[in-house]
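Below is one structure, written out as structure tokens; comments come after it.
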Amino acid sequence: MGMIGGGLTSFIGPVHRKAIGIDGQIELVCGAFSNDPTESKETGKSLFLNHKRVYESYHEMFEIEKKMEPHQRIDFVSIVTPNHVHYEPAKLALESGFHVVLEKPIAYSLAEAKLLQKLVEKTGLILALTHTYTGYPMVKEARQLVKSGRLGKVRKVFVEYPQGWLSTRVEKTGNNQASWRTDPKRSGLGGAIGDIGTHAANLAEYITDSPIAEVCTMLNSVVPGRQLDDDSSMLLKFDNGATGVLLATQVAAGEENNLNIRIYFEKGGLEWHQEDPGTLVLKWLDKPKEILRAGWNYLSDDAKKFIRTPAGHPEGYLEAFANIYRAFANAMNEYKPGKKMNAKKYDFPDVYDGVRGMAFVESVVRSASSNKKWVKIKA
Amino acid sequence: MGMIGGGLTSFIGPVHRKAIGIDGQIELVCGAFSNDPTESKETGKSLFLNHKRVYESYHEMFEIEKKMEPHQRIDFVSIVTPNHVHYEPAKLALESGFHVVLEKPIAYSLAEAKLLQKLVEKTGLILALTHTYTGYPMVKEARQLVKSGRLGKVRKVFVEYPQGWLSTRVEKTGNNQASWRTDPKRSGLGGAIGDIGTHAANLAEYITDSPIAEVCTMLNSVVPGRQLDDDSSMLLKFDNGATGVLLATQVAAGEENNLNIRIYFEKGGLEWHQEDPGTLVLKWLDKPKEILRAGWNYLSDDAKKFIRTPAGHPEGYLEAFANIYRAFANAMNEYKPGKKMNAKKYDFPDVYDGVRGMAFVESVVRSASSNKKWVKIKA
Amino acid sequence: MGMIGGGLTSFIGPVHRKAIGIDGQIELVCGAFSNDPTESKETGKSLFLNHKRVYESYHEMFEIEKKMEPHQRIDFVSIVTPNHVHYEPAKLALESGFHVVLEKPIAYSLAEAKLLQKLVEKTGLILALTHTYTGYPMVKEARQLVKSGRLGKVRKVFVEYPQGWLSTRVEKTGNNQASWRTDPKRSGLGGAIGDIGTHAANLAEYITDSPIAEVCTMLNSVVPGRQLDDDSSMLLKFDNGATGVLLATQVAAGEENNLNIRIYFEKGGLEWHQEDPGTLVLKWLDKPKEILRAGWNYLSDDAKKFIRTPAGHPEGYLEAFANIYRAFANAMNEYKPGKKMNAKKYDFPDVYDGVRGMAFVESVVRSASSNKKWVKIKA
Amino acid sequence: MGMIGGGLTSFIGPVHRKAIGIDGQIELVCGAFSNDPTESKETGKSLFLNHKRVYESYHEMFEIEKKMEPHQRIDFVSIVTPNHVHYEPAKLALESGFHVVLEKPIAYSLAEAKLLQKLVEKTGLILALTHTYTGYPMVKEARQLVKSGRLGKVRKVFVEYPQGWLSTRVEKTGNNQASWRTDPKRSGLGGAIGDIGTHAANLAEYITDSPIAEVCTMLNSVVPGRQLDDDSSMLLKFDNGATGVLLATQVAAGEENNLNIRIYFEKGGLEWHQEDPGTLVLKWLDKPKEILRAGWNYLSDDAKKFIRTPAGHPEGYLEAFANIYRAFANAMNEYKPGKKMNAKKYDFPDVYDGVRGMAFVESVVRSASSNKKWVKIKA
């Protein structure tokens, strides 16, 4: 594989690399790690890469790699740049015949996302989106439980993603992560809603297997001077008749990365917290609460195949990330040109999730500025 | 004191009586426990009351008690009937010269609540409303912390009250509690929103010391056949510029009585859960989370004066209830006819909280049926 | 009832009075609250007692009360004095024909305890010992679960009681509670082991229904200058072949009152924490952990009959205390002179538990000073 | 690096490999993965290794590798075989000039461990022992806190390691892990005490920086037919005057891998649980409990340098494992023949920890069969 972005100051680039390292199925062999050629080179060196395959730009990378012998050239690229540099390299990768792993949100705008969808459909290549949190085994167990029907029909979804790191104006203190995320030119229409709200929406839709149909939104820029939203809350209506609430805020001072979801059904409820990812709580109308834990034999195969350690040996964020790569690698192993790819079979987020995410962001922003209560999500 | 309602099948009547028993300051000496005279008598007997002071109706009770010698007659009545039987007895009590403790919501309608307010203002008598949850010491600590300014200005309030007991149509199975609560003739305009939403709103306003100004509401009757809402969620705007979300649902299958609140400020956040009431979590932007616990010397006097046991000896719901009676009794001890009563000094919910609660219910119901996003709360 | 001890500076006296108040079955009508007659009088006054029944000594109390008319005189006394003043008033109460509630440990020494046992057997009167923690409903549920056999045979017991309040030499700072508990003349042979170790041992034996047979003990006086143990740990062998560990320390700085127990069986385990008393955790070899909670319908009748509030409305320490009085009151209601009393039927700790507790203390102290590994508990 | 053991059915081999993959500093290039040459080959193939460097035995591996060019041959080997096959390959590795990473316990017996110590001292090569749990950042934070003196002197240590997986006789059901661990010929003198008791002891000594001096032990073989202990508990005396309790059991039905430690000091206490490894609880005599969490800026550098993700992005067991390799790799990077290696500087467990572990096991076993209360730990 090759990597685009992920230079020395990147947060998410090293996360991808560490995640990839866990299972030993995928090897990073080349990259264009920065738009600064010097930083790209230094990054490549620190990763013990062959200096010939550390490129000055992704254009150069595709140019050269696509001409290499099949057994030598990369199979895919991981794109880990800020949002405004997702579309172009992804497009070029697909056009050059490479599969793609993309950081979320898939693109800067819904329009770009749709173009990528078309390109994926045209080329038949595989595109995975790193909605990390659905990579957790107990999230997969939750989805399987809903599917099984044991809990009855879904009625109510509460999904939250409170973070505290943007509680002050850190984008003015040299914090690179904060800087591009709060900049509409690099981030897109959404601030918190794009950065983490999409994760929350994706998690809710993944577990319930039902799309959010309408939203009624309040977006705030709580920290003075900030241009994009740093705080969002909304009421939800799902396609299947369930309703819900979604919160995604980056000014919840003191919170870390507290993505969590509670869903209520006819016969019980389930609850999952990203900060304690190996635990899934099941509640029942008439019997004791159950605590399901990663690593036990009673779990479904859907969850078990993404677990590496015995019960009580905690897995975390990197392992969830690795699970997306594992599913993506499984899909690549069975890839045949011309054959239609079904991402659900391998269980990784794909281009359609990416398009939904962008439609969500744009609808939420539209809802926030409307006096009308409900706004439909349109792709 | 005397009691109106609270017969043998009542849930909340015995709660009042047990709460009163804890501190030994107040003695139940008479009552009209049911509109069925036989049930009233049996209740009185089971409570070892003098049978002469077990009345057939509250009219009879007031008639006789007000003619008794001052040192013999009751000081106040507790009214623990369903919502539609709050106003009449409360009115009669005040007109007969007795202080009043009322179950929440204060009345069947906002109009009734306002009449009670006028009557309280006219008579100068004391009316306490049993918003139990603000009786918990750690809730008082939270309020004091907000006041102290240590956390900075409030930004975001998430308050939730999920219960599961109405997940099926229990009102059709002889459940007396469910029966009147889901009946608009006895409960009023609000179902879940009146029964528990008012608690959530009261808790948020009490801790932040700021009224909710506007709501954007979704109300649902999730269980087929139910007339009133059993599920509510809403976006909030507070007077002081903060925003928030309030959830109150009785179809959260598997939940018990999970009232909880998280508030975020400029410098940190706080979190309290009714099911673990002796714990208050403080979060900070730049230092470790702190766990404040009932019974420690570091707490404020506002909290300490409502704690009975050393740290680690849990107090619960009955003790929170007893705290409202304790504060009310303190107020009565200093009561002088003609002197204006300041409930805040003694720290118990009063008639103004009651009027706010009814205004909240009516505004929420109005908001729920409106296509406009925001509705102002008007009293 | 009457009370001996429990004056204005007492900790446990008010706890008894509040606990009694909850259920309204028992009325405090007289007392000898202090060996200082002035304090006794003031205490009686603060409790609104008839001044004629506030006595200068317990001798006077028994003298006068036993001559009163049956419907007027007390049924029983609660003795809430320090350990060295348990035996004499209990003896006098029984000899005067009154039932007795005694704070634990039952007496200053095993010899005294055995004399009380003989007196109870001779008079046929009821003696209850306030081992509060077995009053919690979820402890009763645990005992019932063990009895049911669902978990298989017991294998391992870990019971702990860490407190932190004696981490410094508070007995030298005017702390009355610390002062007598660290004084061998008033406390007896045991410090922490008598004060809280007996609770831990009683809890383990109550739930498993099996006596501790042998101990191997380390006792420490951690805080310099202290005469009695403030820290203890020991290995346990039970009669039924199970083994275990017991810790009871009062120098666990930062701990509140963290009594907790974990028991492992052939097929699973159970866990209970006094600071979260409404929760009982069940673990299984091959299925998800279950969280049993007070107030649910799935509990056994043994637990349900000691629960006052619906699920999610926490009960605590005072309610656990009240449960002992409730069971004792039930026993008194069915008391007939000459009929043998079976405390187990009503489910309260009795004189035999008291004797076992003193035997435990004396054996533990003997073990601590022995070089031999194991010491048998002998009554 | 090369690996000895860790074939297709191994539990710990893949753990080592995944851990190594995370940081990308170390590359597995050869191995003798099994004493069955076919399994060794298949393992190598599944790992994409050059088939020429997949050896039939470790003897062959050392023979060939030591003759390779310095820039080609391995720097070190990881030995992940059962206990009885630790000493021989480690000895051969050191004698062949390779550094060594060894699974714990370091050897089959104390005698073997001492021989390895001599060899390390003689060759000057680096030997790291994978006591995984001290690789967790919050354990390092705990150690640093103790060193800082903020908590005062240590008084009491409670360390526990309950597991449930040996609650039935799984060694008779084809479970390879259980089979050798319960077999004295392959495991050594200790069952649970060697497998997990050594982890608990190591954790306690690491955090407190004080060796355990004496033990008073009870060892049990709870499951009928088992030869080695599956359950242990003991009282502890530390060199520095503190005392404690250690439990390590594999028949705690329903437990996963619940290693945890609580330590009490003059001014407070600390608490850490392996199953929630990113959290460290600090308790204080007179102020609120603090919850320290991985990823925050307030942590010490000792902890921070072993953290890979921002707060709220959980790291787990594999990352703790990777931390030992990271520290070991740091040491190797600065290795100079003839220069004395100080493992403490790099913060990884070394041969001296290994010798202590074996001394612990042998002393514990001696104590268990003695009637004398206390037995000194002798190396």
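Residue numbering begins at 1 within each chain, and the chains themselves are lettered A, B, C and D in the order written.
Simple rule for what comes next: a residue touches a chain if its C-beta (ideal position, glycine included) is under 8 Å from a C-beta of that chain, and two chains touch if they have at least 3 such contacts.
Owing to the predicted nature of the structure, the values given are computational and were not obtained by experimental measurement.
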{"item": "Chain pair showing more contacts of the two, B-C and C-D", "value": "C-D"}
{"item": "Reference chain D; chain at largest CA-centroid distance", "value": "B"}
{"item": "Option in A-C, A-B or A-D whose residue-number contact pairs overlap B-D by over half", "value": "A-C"}
{"item": "Between chain D and chain C, distance of the C-alpha-averaged centres to the nearest whole Å", "value": "43"}
{"item": "Rounded Å distance between chain A and chain C, as computed from the means of their C-alpha atoms", "value": "55"}
{"item": "Length of the line joining the C-alpha centres of chain B and chain C, rounded to whole Å", "value": "35"}
{"item": "Shared-contact residues (touching 2 or more other chains) in chain D", "value": "255, 282, 289, 293"}
{"item": "Touching residues on chain D, where the partner in the complex is chain B", "value": "282, 286-293, 296-298"}
{"item": "Residue ranges of chain A in contact with chain D within the complex", "value": "11, 14-15, 17-18, 20-24, 47-48, 163, 165, 255-258, 274-277, 293, 295, 308-319"}
{"item": "Complex contact set, residues of chain B against chain A", "value": "155-156, 158, 160, 162, 164, 167-168, 216, 218, 220, 222, 231, 233-235, 243-245, 247, 249, 251-255, 262, 264-269, 282-285, 289, 370-374"}
